[in-house]
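Okay, so subunit A shows up in both of these, paired with subunit B first and subunit C after.
So, the complex of A and B:
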């Protein structure tokens, strides 16, 4: 019997969130803090002739004004290519170029208006294809960036920031001989994360030189690392705290505001400074979701069995790389989708443009890559006259296959796609993808897409957990995992409670990680937290259990091997009526005669990922993540053939989650991902004018979905346990988003009998595609 | 001639049944005064432009975006923030029971809308009314189905009683309908 898993336990912090007691970064008291504001570029690409700050500096209440000249360092987790404040050149509209610290925000804002910037406009590069042209201006001249990690491959003299290759079998000659070949091009625009909590950070430098950062970040340990390396501060002198985060979706994994907040505090002698972006800057200045261009060729035999594929991806990383090279790598690693494709070649390039720079976004480039692949597969199904679901089923990855990076398939490692396809049929009332007329000009159609995803952490990513006990026998769990809504603290609570055979009520998860207190956890990203931190928690639990056995053995006078633990008590196996509650042994044991026995219990567990490797630069072989998760998704639309409008009726996901350790929490997070996917696919994009200036960086005109626009979301689970993870659970929290754009694109392409190869799918786009041929 | 205000003026605000004196500039928005001067941080900034609803509070019974209301305009009105509900409101219990939030950042705003809705409609209103009320707010995490569910559950709650702490269910509570409450 389980005590804590396989149950729909409510979020640990639920009551804090419904009473307003939950604290996010900017809810902490700000009395006495100075305020910082950023001046950002109004050009997408320009030389900075001069930035005149004299008038701003002279304004009463202004404590300091910084420009690029005050910070020569370059930043970036993979390639150091980004100045904190632009120097010499600006490379995207919205790029910070000056920072004002003042007594309050109104004064800081007033000072911004007094700064005179003299720009010399340069032609902007707004598409990867344009940036790849011969003779295109170089956004980062030779030697203007530094490699941080081994597996980044910038191509000097071009705008290519990195390049990843997959070569498996012989795609070229096999593709030519295929009976059915589909070739398609795709172009997907960048868009925003738009977590409801705007990015914010605070900094202070004590007289002793201690740097204190409080930030709404998914990666406090990366903040520490990047600050330490860039400013040559011993890492131990930097303390980063992260209260609850109001949504991240990958956008708060990048280290950006923390650097500026540190510079601001340094500029005013270490005083406390608070930097909060206005929503408009949160959209245009802070990193966004990638754009992507692709050319896809897939060949199959008459029966629709895929023989070969050639895939070229050009990732629009914007002005700076941040984590984008790894998103290109992630595309390559999973480029075949969850299918067996023996002959495969893929080139994934990360290309600089004059857009806002991109960072990780829910799905880590998989939603974009999946859109291109799954749209092409639907066209293949159409050409072969196949039911789209059957086509995917007969090509599903299975025993005997390898992934694009040549990892051998096993259901435990990768998951069971046929079962997901089985379950999605009743869930979505799958009807073969046919077009059903329900009124003279109205049709109903379903579109299908499958997805899979593994992660791309550094090969030596680490995590840890420390557990201590309270006098009532309850436990405190201290990890570096950030709770931003994905429910990781609840899952870790469940995992610990289960292993200790306690009720979840008796486990208290430390809500706000602090790098000085919590053992390092790589980052709260990649849906890996439950896997990585979960394994560390299990190790800590086992460590505590063995200490509890020793104390119990001393207390009960029997060898520790004879001690059994359950329900907050330690029993003697031989003599089960003899037991002692945790509360009497967690701080050591004091006998009735007053004799002290044993030691207080502190459980510790840690984890360094094992068995991962860098990819071979030529074939791409290697293994990047601990496991895969996969699934199938269907979107049903009702389309009006006269107005090119549509309504999304339902969206379904059948996903192999390994084990549903908290079915309701998992359902809701997957449904949330689906909602984001539907929104992304139907309405979201950053629109730029021909000068590369973003047109609508605010929530008034950048429309997110409101209640009333949502379809009926349906989620079902397949449970093929993953061997290495806690209780077999797979990564699942990002995945709801991945197949949604593709499924919607497939449904609408069928409804309107056209090829929709771009996003978002708004009526104008559909009308164009339907009336002018391809979109 | 229009009167020009400089610097700060002391104004009286009635928040959660208590009178407060705060010093505000004419341009200060209610949201900032609540958060920075009264320490009532449940209402959140999300856009400061009236688009997201994270800042919603209840003024004289109506949900109001506190980023669009000047603090000086709020004088003489009855302001209720999420803190003022304690843990007693049916809406709060319903939000927990329906798993209506993930990151929780939008929650305060949605709760205030729902609480005001219930004060205006004693019986569960029609779906389109619920949509009209809740459409003022944005949530980036949930699928919205959970919020609809919360409204229905809110109307099934018994009227509030006892102290807020007493009314909290034990944390091990599993969701009411087992595997999938929707």
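So, the complex of A and C:
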């Protein structure tokens, strides 16, 4: 019997959130803090002839004004290519080029308007294809960047920031001989994360030289590492605190604002400075979601069995790389989708352009890659006259197959796609993808897409957990995982409670990680927190249990091997009527006679990922993540054939989650991903004019899906346990988004009998595709 | 955040409002009349405008009228869209108001503000143009009454110190059959790709639209084309659309060609409904 898992327990922070009492970074008192504001570029690409700050500096209340000249370092987790404030050149509209620190925000804002910038406009590069042309201007000269990690492959003299290859079998000659071949190009625009909480960071430097950062971040330990390395500060002198994060979606994994906040504080002698981006800068200045171009060729035999595929992906990483090379790598690693493709060739390039730079976004480039692949598979199904579901079923990855990076399939490692396809049918009322007429000009159509995803952490990623006890026998859990709505603290609570055989109420998760207190956790990204931190928690629980057994043995006068732990008590196995509650043994044991026995219990657990490898630069073989998760998704639309408008009726997901340890929470997180997917597929994009200036720079014009426009979300689980992970649960929190754009694209392409090859799928796009051919 | 200090005044009478305006203008304060503030606040925040003073007219009784008399429905300039909608007095205008922005903003945006604003759509003008509404203005010569169309060519043509007191709508319009269709890029609440309003008067269709061009418009030629009952809805919609082809605008929300496609569809559906006596 379980005590804490397989139960739909509430999020641990639910009441704080719904009552508005939850404290996010910018809710913390700001009394006595100076305010910083950023001046950002109004050009997508320009030389900076001069930045005149004299008038701004002279404004009363201004404490300091910084420009690129004040910080020569370059930043980036993979390639150091990004200045904190632009130097010599600006490479995207919205790039920070000066920073004002003043007594308050209005003064800082006024000072910004007094800074005079003299730009010499340069032609902008706005598409990967354009940046790859021979003779295109080089955005970073002849490689004015430094590699941080081994497996980044910039090509100096080009705008290619990295390049990953998959070579498996003989795609070229097999493809030519295929009975059915589909070739298709795609182009997907960048868009924003649009977390409810805008990005914010605070910094101060104490007289002892201690650097204190409080930030809305998914990666406090990366903040510490990057600041330490760039500014040559001993890492131990840097303390990073992260309160609850109000939505991250990958956008708060990048280290960006913290560097500026540190520079601001350093500029005013270490005084406390608060830097909060207005929403418009949160959209244009902070890193965004990637854009992607692709050329897909897939060949199959007459029966629709895929024989070979050639896949070229060009990731639009914008002006700087941040984590984008690894998003290109992630595309290569999972390029086949959850299918068996014996002959496979994939080139995934990460290309500089003059867009806002990209960083991780929910799904880590999988939603974009999946759109291209799954749209092509639907074209293949159509050509073969197949039910799109049957086509996927007969090509599903299974025993005897290997992944693109040549990892052998097992259901435990990768998951069970046929079962997901089985479950999605009743869930979505699958009808073969047919077009059903419900009114003279109105049809209902369903579109299907499958997805899979593994993670791409560094091969030595770590996590840790420390547990301490309270006098009532309850437990405190301290990890470096950040709660940002993905439910990780609740899952860690459940995992610990289950192992200690306690009720979840008896576990208190420390809400706000502090790098000086909590053991290092790589980053709260990649949906890996439950796996990595969960394993550390289990180790810490086992450590605590063995200490509890010793104390209990001493208290009950029997060997600790004879002690059983359950329901907050330690029992003697031989005489179960003899027991002692946790509260009497967690701080050591005091006998009735006053004798002290044993030691206070502190559980510790840690984890370093094992068995991962770098990819072979030529074939791409290797293993990047601990497991895969996969699933099938369906979107149902009601389409008006006269006006090219549509309504999304329902969205369904059947996902192999390993084990549904908290069904309601998992359903909600997956539905949240589906909602984001529907929103970005139907209406979101960063549109730029021909000069590279954003056309929808605020939330009046940039549209997200709103309450009231939501379809009916349906979620079902397949449970194929993953051997290495706590209680068999797989990564699942990002995945709801991945197949949504593709499923919507497939539904609409069928409804309107056209090929939709771009996003977002608004009526004008569909009208163009239906009346002029490809969109 | 509005990053600078400004003066806020709340006069009780039209005379006080105008006196304040003139005095502040003379002293170089660059005042603006202020009602709901949704646009002024947004533009101040973005740094697009920088008034030194705002003169809030919400406290002026004359601007808050919402009543029927023997000949007219009187709609004060400071009436919010939501108040107009909930009054139910002019169904077409209520429908249009209920489709501008979201409920929170409908409780803030006023009729006068929507007509005078710099955001180009000014959708409340459509029902007023169709109804041959009058405006009561207050300025140098005190109150004056004018046909809306004589001071509104897609945007208000007021003297700098002049303000709208109220709009007056003839009673026939309140019960006339009507039609309104708003199309957006792909979002329930958004600026219109196209907003088309129609009112039936003496068995003739009156039509005005916003979103197609850089300002709202009502065209006699278009109405003549649409009222040719002998022709099919598809034919008259195509002819009417052709008349407006040159005015269609391109923007990030939609291209000119697509707006015209939407216009033709909408006009066809309007005329179909009219022929089928569904409006």
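We take it that the second predicted complex is superposed on the first by the 774 of 775 C-alpha atoms of A that agree within 3 Å, B and C clash if a C-alpha of one lies under 4 Å from a C-alpha of the other, contacts with A are read in each partner's own complex, and residues count from 1 in each chain.
Here, a contact is a pair of C-beta atoms (placed from the backbone, for glycine too) under 8 Å apart; a residue touches a chain by one contact, two chains touch by 3 or more.
What you see is a predicted model; the values in this text were computed from it and never measured.
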{"item": "Partner chain(s) touched by A:706 [first = subunit B, second = subunit C, both, neither]", "value": "both"}
{"item": "First, second, both or neither for A:83, with subunit B first and subunit C second", "value": "neither"}
{"item": "Which superposed partner A:665 touches (first subunit B, second subunit C, both, neither)", "value": "first"}
{"item": "Partner chain in contact with A:12 - subunit B first, subunit C second, else both or neither", "value": "first"}
{"item": "Which superposed partner A:682 touches (first subunit B, second subunit C, both, neither)", "value": "second"}
{"item": "Touched partner set for A:267, first subunit B, second subunit C, both or neither", "value": "neither"}
{"item": "Which superposed partner A:22 touches (first subunit B, second subunit C, both, neither)", "value": "first"}
{"item": "Contacts of A:250 with subunit B and subunit C, given as first, second, both or neither", "value": "neither"}
{"item": "Of subunit C and subunit B, partner touching more subunit A residues", "value": "B"}
{"item": "Which of subunit B and subunit C A:763 touches, first, second, both or neither", "value": "second"}
{"item": "Footprint overlap on subunit A, where subunit B in one structure and subunit C in the other make contact", "value": "106, 278, 698, 700, 705-706, 708"}
{"item": "Residue ranges of subunit C touching subunit A (in the complex, touch as defined)", "value": "1-4, 42, 46-47, 183, 185-191, 252-255, 258, 261-262, 265"}
{"item": "Subunit A partner contacts - residues on subunit B that touch it in the complex", "value": "25, 27, 35-36, 39-52, 54, 81-83, 85-87, 92, 95-96, 99, 101-108, 111, 130-131, 134-135, 137-148, 164, 168, 170-175, 178-181"}
{"item": "Subunit A - residues contacting subunit B, complex", "value": "7-20, 22-24, 26-27, 29-31, 106, 194-198, 244-249, 276, 278-279, 484-487, 503-505, 663-665, 667-669, 671-672, 674-676, 698-700, 704-708, 710, 712-713, 715"}
{"item": "Residues of subunit A touching subunit C in the complex", "value": "105-106, 109-110, 113, 278, 280, 642-643, 645, 682-683, 687, 695-696, 698, 700-701, 703, 705-706, 708-709, 760, 762-764, 767-768"}
